[in-house]
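What follows is a set of structures to go through.
Below are two complexes that have subunit A in common, paired first with subunit B and then with subunit C.
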Partner chain A sequence: MTAPALSRTWTGRLRARAEQALPPEQLLPDHQPVYVASWIYVFGVLTLAAFIVVLVSGGVLALKGPQWWHRSSTGHYFNSLHLWSVELFMAFMVIHLWGKFFMAAWRGRRAMTWITGAVCFLGSIGTAFTGYLVQSNLDSQWISTQAKDGLNSAGVGAFFNVLDFGQMLMWHIVLLPLVVGFVIGIHILQVRRRGVVPPMEIDPRDLVAQNVTS
Partner chain B sequence: MLVMGAPINLNHPGHYVHWGVIQISVANLVVISVMVVLFVLAMLLPFPKGRNRR
Partner chain C sequence: MTTGVTKWAGRTREYDLVKEFVVALVVVSVLTVALAAVFSSPDEKQITISTWSRGAPNDFVLTAATELDGTSGTATYGAPYNHTPDAAQKIGPVSLQHIAGVTHPIDTVADFVVGPLTGVPADAALAAALAQWQGAAAGQQQKWASGYDDALSKATDNDPAQVKSGDYGPVPVMLTRLLTMAQSGGLDGALLAQKQFFATDYTKPLLFIADGSYLEDRARAQHLGGDQWGMMNETGNYPGQAWLWLYTFWYQVKPFSTSGNADALVWGLMALLSLALVLVPFIPGVRSIPRWVPIHRLIWRDYYRGIRT
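Showing the complex of A and B:
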């Protein structure tokens, strides 16, 4: 019994690496730097809150089915709840994106945080698009027949057929939510790992640059 | 049901504004304007102070 056998297993190595990258006090902090006290920093968590409402309302719609969401008043309510939570999700996410873009939030080894956020944005557009396609009404028929020409011209129509309701439904309720949810998880872990990006005027690298030039 | 109805009647074709080559629905223009206003307010409005902030 010279060395603990646990550290030689892949689970032991993975645990040690995870604890090193994300120590508990960093994973669930109870304090934030003073510069986080600004409304512009609220839009990230607003996006996350709206995303949870999107998932829950979408789950209820999946359980009850299109006859329910088209014909019953409760179904109409959840249908609208799903739509408006998506509207808020996209709006909050874009305002979050504007804020992070203008504060150059990729500074300080935060490139992966920025990239995962951008992938979330693109994945959300795809998820919203397939959501419009599976409304099962005239609006979704119009959107799918318009979109098919564009996608066919890009050469993807053979395996991403917007006229195939079943395929679009699976993309909307299984594949894309899994991808977006997973990437959002990675994005949040990256924020925890690197911390919230500071304003430019207190970035240490900027202070050094000012000293050099002055 | 009237109480629960939408405050604005949306049961008609959308209105569009044209500005040269740019064409956008009034609904989308309103949403984008509200987002810009929210963005500006988020930077200007003071944030309430917490008790345990450092």
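Showing the complex of A and C:
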């Protein structure tokens, strides 16, 4: 029996490209270099876990509508879950980011991993900010009327109106989570593709030079 | 393209990524459930134009007078609400605010006062006042409105009942009826529902409320003022948006704290710093900081110890 010829279809080429970039043992490895042994490594996965809790708690709030949490104790509790999961998400992400900075984790062709992580951090700030705008209480009234001045001064307020509850709700529950989720996905794939950055001072015997097709 | 790179060829150890993720998810879920149960979340009740006009009627009427004579914050704001000359903030000679243009046009006289009042039924005195207002020349309207705004500003406690007598035309009747409409809740609906039944855009009611001092007084009582690091705080004793500390910091220090272009300058600076964060791997000096600060020795101390031995 002969092996099937390499497909020349777009689908076949995409599959071949994906398998080359991320073979299964690299996508989900069950071993890591010995230097991956510090508590700082935990904060990346903690950030991802908190993101899942943010999505689930926010999803329940979305199911019941934006006013539910004001009139129901159950709704208020889910709002609290959403708030605290966001606080944890941001705290874990900031620690993760500082950790990666002091590891100079962009070394060894890992610049895109850093860039997607930084974009994810900035996008998360925007997503959290729009969340504060759609609380529909005194806090959101004050934050929106203050924030409009900054956004208007930069010309952004002309199309991103923080006083428009409907527009901000759409940004908060659809557009920004999609962007942040997508960038997180790219970030994780970059980590798996390039591997965990090695220490700055390294035993030369632990490395081999290779010709790697980019 | 092939590129010479190095790949790890040293010792490895078993590392269960899936198990790590599941444990992290359980830990974060339990932590979130506990924090939510113990600390809950703040929900300071919103204010409406109705609660504002009943809680501080003098502030409401004074604000409405500034909307009518064109001296309120919104009336003099510039883009994106109106074309007030030289109102837009600048970074040097560039005004992005002006370039973006007027995309949410607001005429405070028509949108906040005259328009809502024309919807009030069966009020002969109001109908006569509106007819007098609309039949007058623009100069006369401005004279009446400015005169009344000035007199109200000087009255004891800005109380309309204490305004000295003068020729204010139909303005006192219009603003008295607007106060009545606001206290009944009618103005909330009128500002929100202009031209449509379904509405989610609170631009007009929020701008009107923000032109008064009632909202700011409530916010300052909750330590949310601009000079109280307000943008990163939230009502009650909660962490708020602590990640906005750097953005909020600039507003507390000169030259930003005293500049008329503070918002534009802070946004410009934060845009630059954000870009710098994204591009850290390519910025000489900044990308070398981790080598000078030996935190990496702490992170990889076990590996480094192994090299030495």
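Rule of thumb we're sticking to: the second predicted complex is superposed on the first by the 195 of 214 C-alpha atoms of A that agree within 3 Å, B and C clash if a C-alpha of one lies under 4 Å from a C-alpha of the other, contacts with A are read in each partner's own complex, and residues count from 1 in each chain.
Heads up, the rule we're going with is that a residue touches a chain if its C-beta (ideal position, glycine included) is under 8 Å from a C-beta of that chain, and two chains touch if they have at least 3 such contacts.
Note that the structure is predicted; figures quoted are calculated from it, not measured.
Of the two partner chains, subunit C is the only one that A:146 touches; subunit B does not reach it. Judged by the touch definition given at the top, the superposed model places A:106 against subunit C, while subunit B stays out of reach.
In the superposed model, A:11 lies in contact with neither subunit B nor subunit C.
By the touch criterion defined above, A:20 reaches neither subunit B nor subunit C.
Set against each other, subunit B and subunit C differ in how many residues of subunit A they touch, and the higher count belongs to C.
In the superposition on chain A, A:37 contacts both subunit B and subunit C. When the two structures are aligned on the shared chain, A:95 is found in touch with subunit B, with no touch to subunit C. Applying the stated contact rule after C-alpha superposition, one finds that A:125 touches subunit C and leaves subunit B untouched.
On subunit A, the patch touched by subunit B and the patch touched by subunit C overlap at residues 30-32, 34, 37-38, 40, 42, 87, 94, 99. On subunit C, the positions that touch subunit A within their shared complex are 1-18, 20-21, 24-25, 27-29, 31-33, 35-37, 39-47, 77, 79-80, 88-89, 96-97, 99-101, 103-104, 200-203, 206-207, 209-210, 215, 218-219, 222, 224, 226, 230-231, 234-235, 238-239, 241-244, 261, 263-264, 266-268, 271, 274, 277-282, 287, 289-291, 293, 295-296, 299-300, 302-304, 306-307. By the touch rule above, subunit B contacts subunit A in their complex via residues 31, 34-35, 38-39, 41-43, 45, 47, 49-50, 52-54. Across the complex, subunit A meets subunit B through its residues 30-32, 34, 37-40, 42-43, 87, 91, 94-95, 98-99.
Within the complex formed with subunit C, the residues of subunit A that make contact are 28-38, 40, 42, 45-46, 48-50, 52-53, 57, 69-70, 76-77, 79-81, 83-85, 87-88, 90, 94, 99, 101-104, 106, 108-109, 111, 114-115, 118-119, 121-122, 125, 128-129, 132, 135-147, 149-159, 161, 163-167, 169, 195, 198-203, 205-214.
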